[in-house]
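Here is the structure we will look at, set down as structure tokens.
In order of appearance the chains are A, B, C and D, and numbering begins at 1 in each one.
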Amino acid sequence: MVKFADLSSAINEFVKDGETIAMEGFTHLIPFAAGHEIIRQKIKDLTAIRLTPDLIYDQMIGAGCIKKLIFSWGGNPGVGSLHRFRDAYQNSWPQKLEIEEHTHAGLTNKYVAGASGLPFTVMRGYRGSDLFDQTSGVVEINSPFSDEVLTAVSAINPDVTVLHAQQADKAGNVMLWGITGVAREAVFAAKKVLVTVEEVVEEFTPKFNSIIIPNIQIDVISLAPRGAWPSYASGYYERDNSAYIAWDKIAKERDTFLTWLDDVIHKESNAKGPKS
Amino acid sequence: MSSKLDSDLTWSDDEIMTITAAKILKNTDTCFVGIGIPSTAAILAKSMHAPNLFLIYESGTVNTNPQKLPLSIGDGELANEALTVVGMPEIFNYWLQSGRIDVGFLGAAQIDRYANINTTYIGQTYQAPKVRLPGAGGATEIAGACKEVIIIINQTKRAFVNQVDFVTSMGFGDGVGSREKYGLRGGGPSKVITNLGILEPDPKTLELTMTHLHPGVSKEQVIENTGWELKFSQSMKITEQPKPVELTKIRELIKTSDR
Amino acid sequence: MVKFADLSSAINEFVKDGETIAMEGFTHLIPFAAGHEIIRQKIKDLTAIRLTPDLIYDQMIGAGCIKKLIFSWGGNPGVGSLHRFRDAYQNSWPQKLEIEEHTHAGLTNKYVAGASGLPFTVMRGYRGSDLFDQTSGVVEINSPFSDEVLTAVSAINPDVTVLHAQQADKAGNVMLWGITGVAREAVFAAKKVLVTVEEVVEEFTPKFNSIIIPNIQIDVISLAPRGAWPSYASGYYERDNSAYIAWDKIAKERDTFLTWLDDVIHKESNAKGPKS
Amino acid sequence: MSSKLDSDLTWSDDEIMTITAAKILKNTDTCFVGIGIPSTAAILAKSMHAPNLFLIYESGTVNTNPQKLPLSIGDGELANEALTVVGMPEIFNYWLQSGRIDVGFLGAAQIDRYANINTTYIGQTYQAPKVRLPGAGGATEIAGACKEVIIIINQTKRAFVNQVDFVTSMGFGDGVGSREKYGLRGGGPSKVITNLGILEPDPKTLELTMTHLHPGVSKEQVIENTGWELKFSQSMKITEQPKPVELTKIRELIKTSDR
């Protein structure tokens, strides 16, 4: 049954060294506050899954939390490269980074299989791409009803899924709206679920394009206003693009990154960005 | 490069690529859009001759009508201006994989003569690349499933290579029969729009062939910027020159979107 | 591109003898008005798919529109049997009725496969049930990633899907809310889509649990207020349970059914029930 | 049958079945509910000792809290009182198939000694049945996937048969190992609640064994109404007698729901 806890206790209780973690939120509702807390608590050896590693995993990789990255598009959206990801993958700094690379459609379907309690699911994808041979958990499968060859992708079932959402109600149900990406599947696929929210409300009001995550699917909820900054939370604040551009410079060199890590994360000074 | 032709008309590489791409889109098309120039071209087309162009972004925004250029594939603007926003399984399985998208719009770091594209790495090996790129994202399945794919890319020797270092998304593989071999049901790349002109697959061999040059661009210029022995169409055309109204539109769009 | 047309023209143009038709709506938003119009136009030899045939297909079977029924639960919900279905299946009246029977989960996944452009999809189901051997399009499949045996179900792709929805906007987009069942999948799986609606509105307002069907997926929309009667349309009217109970008597005997067919359907007298 | 015991307490078959079933449900259970007595029992449980009982109906209503008895599995009441309503693929694939439902509640027309149930046809053949029944609906996969399954059925010789005419939903097949053979990951039937008492699978053989009799019911009565040689538990118990407050609750619920 869900409980409410401050973010530090929540991460401490529900995210453990060596686990497989999925922190989702497709450009929207990225759980940065939770990511920063994971860095603060020096959690290690995570296998970290995300369609788009984005700044959140670039930061966690640079801080040495992630041993293996499972992803499908690894850039700084609209800006350029993820320098900490590159430095870890190409130069093993601060440690070796294993990768397992997919396509968006493939990784999405791996979550679908996990959510469905299946060992795999079937799709059209990867074939014709060199990725087919470089990745794992992706094989050809024959249709039993036609002579078509399709692609089977193995399920992913994270130990813990971490999401940021707009609202929880007092009973611990959670509501997200706007772009929800693979949030639904990441929750159903996971063994444990941690959600940070902008706000706890008395009652949800109808929104277009909303999904509700029932409280029985959630282990812990932490209030984290502006917890998705510098990404955005529809209805609360917009993407802070200047922070995405600034990250390019911070992450480019190890020393500027380490300074950021000390000043911003470990001193907890400005982690949530300027108050709007 | 910035061209000056006729009276006082000048345009940048990006501008002529964007305008040329926009003109190709039809009012009735369903279009799966990536970020950057593809997105700018689609939004430009909607503001001009194709107001009903149906735009889908992989983030889940369906029939979106952004008034500003999105900063990312999941920009709030795309969600706010969408008819509906759905989860990514619906986007990839129900919309894309089912074959109902007319046009897929892709960029790339490298492209080869069979329009295979690379967005994964440049140089050395996959395990130890010289330059690691973002990877596939939606591109592999967009390239597989859309009725046609339009690729937008700057024409340089570094990008137009004899063989891509990594096939992230298949165009025509190694020629006739490759797409069929891998069960790709979409039609594959129909046009590659560059800063110098347009390439299209030869109807027989499927090899990319230069069919249009942009105004003021020479054959020599194109050859110099292509890493394989480029063929030219027997009926080469000159791309229509950007009109002042088009340039004004695109500049306004970019100005409005500056954040 | 979608067009608006009266129901009679819509059925005439988009539903043809011998086609495969899916008329969905799980207890809610059942497209009765469209079904009655199909009977009136004496459309024949349909292969008709529906999770729950309900009264709508009982009526169409009795009227001789349906050659083959693909279904997963064939009763009069909360009342008892579907007498016209039984009479056709057991006594070939008014004609022989072929059946292809599934489970709800199985038929749902057959729509999912159809919607996904796949020849089949994978699930856990049917195994251990005698239905596995009696039905078609359901086979065992081995997981390429584990030693599990699962079930593969073949896709269904109806020639035409018919739905009833609460609202269309002027551009021909459609909004449904409340129980939507397999509506989304039935639309994506279909070659043609016909929707009847309670109302055409200027603009949709947010509702909990709503889905929107974009106009490019729809061929024709017909205004049909109370078009789901005697089932219900959330926000418009409730289920008329007395009509479900009354149907049991009407359908029990061929002559009472034939009288109903003449009086209610062909004379178009009371087809939409008492005005509320 | 209507029983009269003790002071002025009387109850109907349906009432004691419903109350007995309701008592089994725990406040923390997630329960997949069919229409009829299962639904009444679940709603009764929520109004008494299990207010947090999490009810899911196959129509898509998730955590619903109906104040009236639903007329059908997709009744408006179920949707209006739900935390959320989702599509059926999500219900069957994400909620049920994934194994996250604690209790599945089923009815049946026939049941055999291994708790296999039939809701498809009675008599003759599948192709030409004597009586055609509605079929599987959600039952086959509910029986396969839930952590436990509770079956509610009137105990008569017609219903409790040596072999069901058709296995719509597997209980324990032909005994130990059957569920494993077919890859059914749920625990299978844990209790069969009848108008006469409760049967449970023998821990060793998985054969249904009478473990409880309702107050006033004799062993002979049970044997007479069972189509196989029924075994009785060595520690037979008497079901708790319905309390006035329970009977009042259930009657109010039915009265309120009369439409």
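In this section, a contact is a pair of C-beta atoms (placed from the backbone, for glycine too) under 8 Å apart; a residue touches a chain by one contact, two chains touch by 3 or more.
These numbers come from a predicted model, not from an experiment.
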Checklist outcome for this item: Any chain touching chain A and chain C at once appears in the list B, D
Checklist outcome for this item: More Cb-Cb contact pairs, comparing A-D against A-B, go to A-B
Checklist outcome for this item: For the pair chain A and chain D, the C-alpha centroid-to-centroid distance in angstrom is 41
Item to check | Distance from chain D to chain B - Cα centre to Cα centre, in angstrom | outcome: 58
Checklist outcome for this item: chain C to chain D, mean C-alpha position gap in Å, rounds to 28
Item to check | Two or more partner chains touched - positions in chain C | outcome: 116-118, 123-124, 148, 150, 184-185, 208, 211
Checklist entry - When you check chain B against every other chain, which residues touch at least two of them? => result 84, 93, 97, 145, 185
Item to check | Interfacial residue positions of chain A with respect to chain D in the complex | outcome: 1, 115-118, 173, 184-185, 188, 211-212, 214, 216
Checklist outcome for this item: Residue positions on chain B within touch of chain C in the complex are 28, 30, 54, 62-63, 83-84, 90, 93-94, 97-99, 145, 185
Item to check | Complex interface listing, chain B residues touching chain A | outcome: 35, 58-61, 71-76, 78-80, 82, 84-89, 92-93, 96-97, 120, 126, 128-129, 132-141, 143-145, 166-170, 173, 178-179, 182-185, 259
Next on the checklist: Applying the document's contact rule, which stretches of chain C touch chain A when the two form their complex?
Outcome noted: 116-124, 137, 139, 141, 143-146, 148, 150, 152, 154-155, 204, 206-208, 210
Checklist entry - Considering the complex alone, what residue numbers of chain C touch chain D? => result 26-28, 51-52, 71-75, 77-78, 81, 85-86, 89-90, 101-106, 108-109, 111-112, 123-131, 134, 148-150, 178-185, 208-209, 211, 232, 234, 238-239, 241, 244
